[in-house]
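Following: one structure in C-alpha cells, then a few remarks.
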Amino acid sequence: MARTISYREAINEALAQEMERDPRVIVMGEDNAGGAGSPGEDDAWGGVLGVTKGLYHRFPGRVLDTPISESAFIGAAIGAATRGMRPVAELMFIDFMGVCFDQIFNQAAKFRYMFGGRAITPVTVRTMYGAGLRAAAQHSQSLYPIFTHIPGLKVVLPSSPYEAKGLMIQSIRDDDPVIFCEHKMLYDTVGEVPEESYAIPFGEAGIVREGGDVTVVAFGRMVGMAEQAAGQLAGDGIECEVIDPRTTSPLDTETILESVESTGRLVVVDEATPRCNMATDVCALVAQEAFGALRAPVQMVTAPHAPVPFSDALEDLYIPDPQRIANAVKSVAGWKR
Amino acid sequence: MSEIDEITLLDAYRMMRTIRAFEERVHEEFATGEIPGFVHLYAGEEASATGVCMHLDARDTIASTHRGHGHCIAKGVDVKAMMAEIYGRGTGSCRGKGGSMHIADLTKGMLGANGIVGGGPPLICGTALAAKHEGAGGVGVAFFGDGASNQGTTLESLNLASVWNLPAVFVAENNGYAEATSSSWSVACDNIADRAAAFGMPGVIVDGFDFFAVHEAAGEAISRARRGGGPTLIEVKLTRYFGHFEGDQQTYRAGEVAHARENLDCLLRFRTRVTERDLLTDKQLDAVDVEVDALIDAAVAEAKRAPRPAPGDLATDVYVTY
Amino acid sequence: MARTISYREAINEALAQEMERDPRVIVMGEDNAGGAGSPGEDDAWGGVLGVTKGLYHRFPGRVLDTPISESAFIGAAIGAATRGMRPVAELMFIDFMGVCFDQIFNQAAKFRYMFGGRAITPVTVRTMYGAGLRAAAQHSQSLYPIFTHIPGLKVVLPSSPYEAKGLMIQSIRDDDPVIFCEHKMLYDTVGEVPEESYAIPFGEAGIVREGGDVTVVAFGRMVGMAEQAAGQLAGDGIECEVIDPRTTSPLDTETILESVESTGRLVVVDEATPRCNMATDVCALVAQEAFGALRAPVQMVTAPHAPVPFSDALEDLYIPDPQRIANAVKSVAGWKR
Amino acid sequence: MSEIDEITLLDAYRMMRTIRAFEERVHEEFATGEIPGFVHLYAGEEASATGVCMHLDARDTIASTHRGHGHCIAKGVDVKAMMAEIYGRGTGSCRGKGGSMHIADLTKGMLGANGIVGGGPPLICGTALAAKHEGAGGVGVAFFGDGASNQGTTLESLNLASVWNLPAVFVAENNGYAEATSSSWSVACDNIADRAAAFGMPGVIVDGFDFFAVHEAAGEAISRARRGGGPTLIEVKLTRYFGHFEGDQQTYRAGEVAHARENLDCLLRFRTRVTERDLLTDKQLDAVDVEVDALIDAAVAEAKRAPRPAPGDLATDVYVTY
C-alpha cells in the first residue's frame, strides 16, 4: 500500500526493511549513533541530517558510529563486505570523497577485476550531494561524474521518494559496490511510496513524461526541474520526453537512444560542473550512436565551470533551473541548419 | 602572567570579547532566518584562539576549521567584512562566495576556515615550510578539533612537520564533541596531547578556559618553533557554548554548557583575575565591552545593507588566467 | 639550440632552469632526495623513475624528500604556494590521488573562488599516468578526466619532449594550480628540444598533422598513436588532421571546432576509461557547437570500462592503438546516412 | 618455544623456506626479462609472515602490501597459482589480471597484496568487524611497512580499531626503508610501536629475524584479539634482501644486506635453534628443502607453459552484474 512519505523517510524505510530481512546488513557513519546514551537523548542522531534516525535502538549493535576518519571506516565497510556482510556506510557529504577516494576506487571498485573475478564486494556508500542549501564550495558538489568514470562502481541518483526506496533496496542487495547519491534538497520532498519492500533494477531508466519533440535526459534533482520545464513548454506546444536514468552506471543507453531516434533532439540536464560530466557522457553517446537521427545540436544544461558559491544570489544562478532548461529545449526545437 | 603588559592584556580582552559578541550576535541573527547555510559558533572557546594568536604577527599563518570565526578575528581579519561574508554580501571577506565556512584573509596570514575536517594541518606544513625557507622566524599554526584529531590527514601532518622540523604548532581544541559524538569515545587515547609522542614532538595539555594558561603554553611552543626547535602539539580543553551548528538541539549534553558558562567562562575568569590583581580595572574592561558591542552592531547593520554579489560574479575568480 | 633529449630529461631540464631562475621554486616528493647521503650513493634517487635526478645537489635545500603521506606533503606544497613559493610536488603515480584528492580539489582548486578572488596558489603537481608498463590496475590509470572535471585546476598532458619542457615551464610560472600528467611510457621517447628556456601557453592546441578529411583529437601518449594511424590512413587516401590539445583544462575548443567545421568528421582518442572522460567531453562539445558541420557520427576510441589488466596479453588490447584509431577514422570517413 | 610441537615447527620451516625459495627464484627469473611489471620481493622477512600466520586459520583474514608474496604463501595461497599470476597467465590466482601486486585469495582469507601504501589497514578494520559480528573468534591482521606507518590511512585505522575494540592485529614490518628513504628519517618517533599509545593499544617490538620471537608476540596479540581484548600494534624489525623492487641497484645501503644474510638470517637461525635443541634434525629440514625446491621448480615450469588470458577476458570480471 502506498502512502505519502518523504525522500528521507523512504531511504530510512528501505534501510529498516533490509536490516529486518537480512542480518548481514549493518549501517555506519559519523553520528549515526552519535548522542546515543547521553542523558537527555532518547535516540541517536541518525547522521547529520537524520536519515538513519530510529535504526539505532531498533537494530542493536548494527548501527555503528565512527570517528571522523572516512578512509578507515569506508575501508572497513569494504573489508566487511568482502567477508559476507552488506554494509551501508555514510559518507556524509560527497564533497568529502577526497579523504577516502582510494578505498572506493582503488580497492572496492577494483577487487573483482584485479582478483580475476574471485571477489564480491557488496558495499553501499550513501552520500549527500548537490547545491541549494547555501552550504558553499565544499558541501554542495555533484561529484557523481567522478564515480561514474570509475569501472567497477555502480552509481545511483534517485530523483523521488519512490526511487529512493526501491533503489536503496536494490543497492543493498546488489553484489557490486554502489555509490548511492542523495540530493540534500530532496530530503523533504514527498511522494507516494509503497509500504512493502520493492527493488528498482539498475540500468533501467524511468520515462517520467512522454513526448515526441525533444528528449530531455535529467539526473537526480534535475529530473524535477526538467519536468517543470516540460510542463511550461507543453503550453508552447513543445512536447518533451523526460528521461530519468536513475543510475549513471550502468546507464540505460537503450532508452535514451530510442527516444532520440524518435525525437531527433536532445537536451541533457546535469547539476554537475560541465567538463567530463554526465551531460558530456550522454551527448557523446548520442552523437556517436544516434547521429543519423539527430536533427539539431545537442544541448547541455549544467552548472558553470566554477565551485559552488555561497551567496544565495549566486547559488540560485548556479543551479540549472526550469527556465534554462526550457531555453535549451526551445533552441533545439527551433533549430534550422 | 606578570610579563603581560597592560596594553597586551586589554588587546587580549578585546579580542576575546569581540569573538564572543560576534558569535552571540550571529546566533541571534541566525534565529531570524536571515543568515543562510551552516554556521558553527566558537563562543566559549575564545581563550584558545586569543591565547595563541596574541603571539603571532605578519610573518605567521594560521589554518582554521568549520568553526572559524574566532580564529579569523584573533588573526586580525576585518570583523565587518566577516559579518558581511556570513550574510553572503559582496562586501564580505570573500565577496560573498565563501560564507561562514570559508572566511579567509591571506594578507593577514589567515588561510581560511575550512569545511573539511582535517583540511588545515597539511596546509600549515606548507606555510611553515615557506616560513622556514624565508628564514624570518615565521610560524604556522593549525587549529583543529578533537574530531579532526582522528583524521589521517591530521595525523600524517604531525609526522611530516616533525620530519621536516617545521616551525609549526598544532592546536587541538578538544571541546568534547565532534557533532554529537563524544571525544572520550572517538579519541582512543586519554588525551589528544598523548599523540605528540607518536610523532616525536612535545605534547602539552592546557585549560582552555584560562587565557593565561593558553597564552603561556602557546608562547613556549611558538618561540621554540621560531628558534628552529620544531613543532609542538597543544591540546586545549574547552567547551563550545552553542550547538555543533546553529539548529542543533544539543540533546546529547544536557547541563554541560550552563555549568561552563557559569563557572568556567574565559571572559569572566579573565576579568576576575586581572581586576583582582589590579592589572586592569572594571572600567577599562567595560569600556572595551561598549566599543566591541558598537562594532558588532555596526557590522550587522552594514552587512544587512550591503549589496549581494552581482550575477556577473558567478563564474569569475575561478582562475587567475584561463 | 635544439638537441635530442628524452621526455624525462626535458622535464628535468625545465625544473632545473626554473629553479635556477626563480628561488621560490622547490621540488618535493617521495624519494626525490631518497638515498642521498647514504654511503655508496653519490646522488639522490630523484623520484622512483629518476625524473628529478641531479637536482638535489645542484639546489641545496630545495629538493625535499617526503614520508609516504601524500595528503600532508601535497597539502604542504599547496600551503607553501599560498605564501609565495612555487612548489612542484610529485604525486608518484596518478593512481595515488585517492589518498590526497581533498587537498587538490577542495583546497588548492577552490581557494581562489572561495576567497573571492583573493588568493593565488601557484602549485604544480607532477604525476605519472598511463598503461603499458605491466603495472596493473593501481599503477596504470589515466585519471586526468577527474582532474579536468574540477573547476580551478589546470590539467596538462604533454605528448613529446618538446611539449614536456615548455609546458612544465609554463606550469611552474602559472599562477593557478596545475596537474602535470607525465605518461610513463613516454619517459624514454626522444625528440628535439631547445636548450633555452621557453614556455608553451596553456589552452593552445598543437596541430601535429594537417588534413582535410577527418579531425582526430588525441591526448598525451595517444597523440603518437594517432599520428601513426594518420600515416597509415594517408596511404589509403584519407587525410587526418591530428590535434594535440596539450591541456585538457583549459581546452582549446576553438582549434577543435574550426577543424571539425572543415572536416565534418571527428574521432577522439583518449586512453582513459570511457565514461565521463575527455572523449565524451570533446564529442559533446562538437555535437553542441559544430553540429551543423558534422557529416558523420563522432567516434570515441578509449580504454574499455574496466580496470587496467596486468597480463601483457590483455594490457596490449586495453590501450587504444593505431589500428583501432584507423578503424574509427575509416568508419566515419565512409559514413553514409 | 617448547610449546611448539614438531609438526608445527616443520610447517613453519616449510612456510619460511617456501617463501625464500619462491622469492629467490622470482629474482632469478625476473632477470631473464620474462616477468613483467613491478615485483617487490619479501626474501629476508619470512619470519614475520610466518610467525604471525602460523596462528591463523580459516576464520581469519590478512591484508598485505605491494611486497605481498610472503604473506600470501603464509596464509595458504596456492604457490603454483601465485607463480602463474606473476607470469601473467590465465591459470594465475587472479587469472592474470592482477599480477604480483594484487595476488589475493579471498577463500583463504587473503585480501590481497595492495599497490597502495596504507591500503590494507582500513580493510582489516572491516574484516575484523565482520569477524566480531560473526562471533567465532576470527581476527584480522594488517601487514604494512615502515613507510606505510606514516600514511594517514594507516594511522586512522589504528584509532578506529581501538574505538571499535576490534579483533585486529597491526603488523608494522620495519625493514628500514621505504624505497630508498630510511625509516630513521621518515618515522618521526624512535619506534613504530611507540605509535600504539596514541591509539590506546599495546605496542610491541620484535626481532624479525627470529621466528620464535615473532611467533610469541603474535600469539599473544592474536589470542587477546580473539578473546575480545582489542587490537595490538606489533613492530617487526627486519631487512629485505633484495632491492625495493627488482631493478633497484640499492646504492643507498651498501653492506647491510650481506651482513643480515650472514649473521641474522631467519632460516639459518631457525635451523640452528631447532637442531641444537634437538627439536628437529638437519635431515628433516633438508627433506623440506628438497620438497620446496621441487615445488618451486614445478611452479615456474607450469607458469611458463600456461596460457595467457584470452582476449575475451579483457572486460569481464568488472561487475557481478551490469
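By letter and in written order, the chains are A, B, C and D; residue numbering begins at 1 in each of them.
The definition used in the following text is that a residue touches a chain if its C-beta (ideal position, glycine included) is under 8 Å from a C-beta of that chain, and two chains touch if they have at least 3 such contacts.
Keep in mind that what you see is a predicted model, and the values were worked out from it rather than measured.
Farthest from chain A, judged by the mean position of CA atoms in each chain, is D.
Rounded to a whole number, the gap between the C-alpha centres of chain B and chain C is 40 angstrom. If each chain is reduced to the centroid of its CA atoms, chain A and chain C end up 30 Å from each other. Once the centre of each chain is set as its mean CA position, chain A and chain B turn out to be 36 Å apart.
Residue numbers of chain B whose C-beta contacts span two or more other chains: 94, 96-98, 102, 114-116, 150-153, 156, 159-160, 163, 185-187, 318. Those residues of chain A in touch with two or more other chains are numbered 67, 69, 71-72, 95-96, 98-99, 102-103, 106, 113-114, 136-138, 151-152, 304-307, 309.
Taken chain by chain, the contacts link every pair, so each chain touches all the others.
On the side of chain D, the complex with chain C involves touching residues 36-38, 85, 88-90, 94, 96-99, 101-102, 114-118, 147-148, 150-153, 178-182, 185-187, 251-255, 308-309, 311, 313-315, 318. In the complex of the two chains, the chain D residues touching chain A come out as 61, 63, 92-98, 102, 104-107, 111-112, 114-116, 119, 121-131, 133-134, 140, 152-153, 156-157, 159-160, 163-164, 316-322.
Residue ranges on chain C touching chain D, taken from their complex, read 30-31, 34-35, 38-42, 44-45, 48, 65, 67-69, 71-72, 95-96, 98-99, 133-139, 304-307, 309-314, 317-318. Taken together, the chain C residues at the contact with chain B in this complex read 26, 61, 64, 66-67, 69, 71-85, 87, 102-103, 106-107, 111-120, 151-152, 154, 174-176, 203, 250. The part of chain B that touches chain D in the complex is made up of residues 150-156, 158-160, 162-163, 185-190, 194-195, 197-201.
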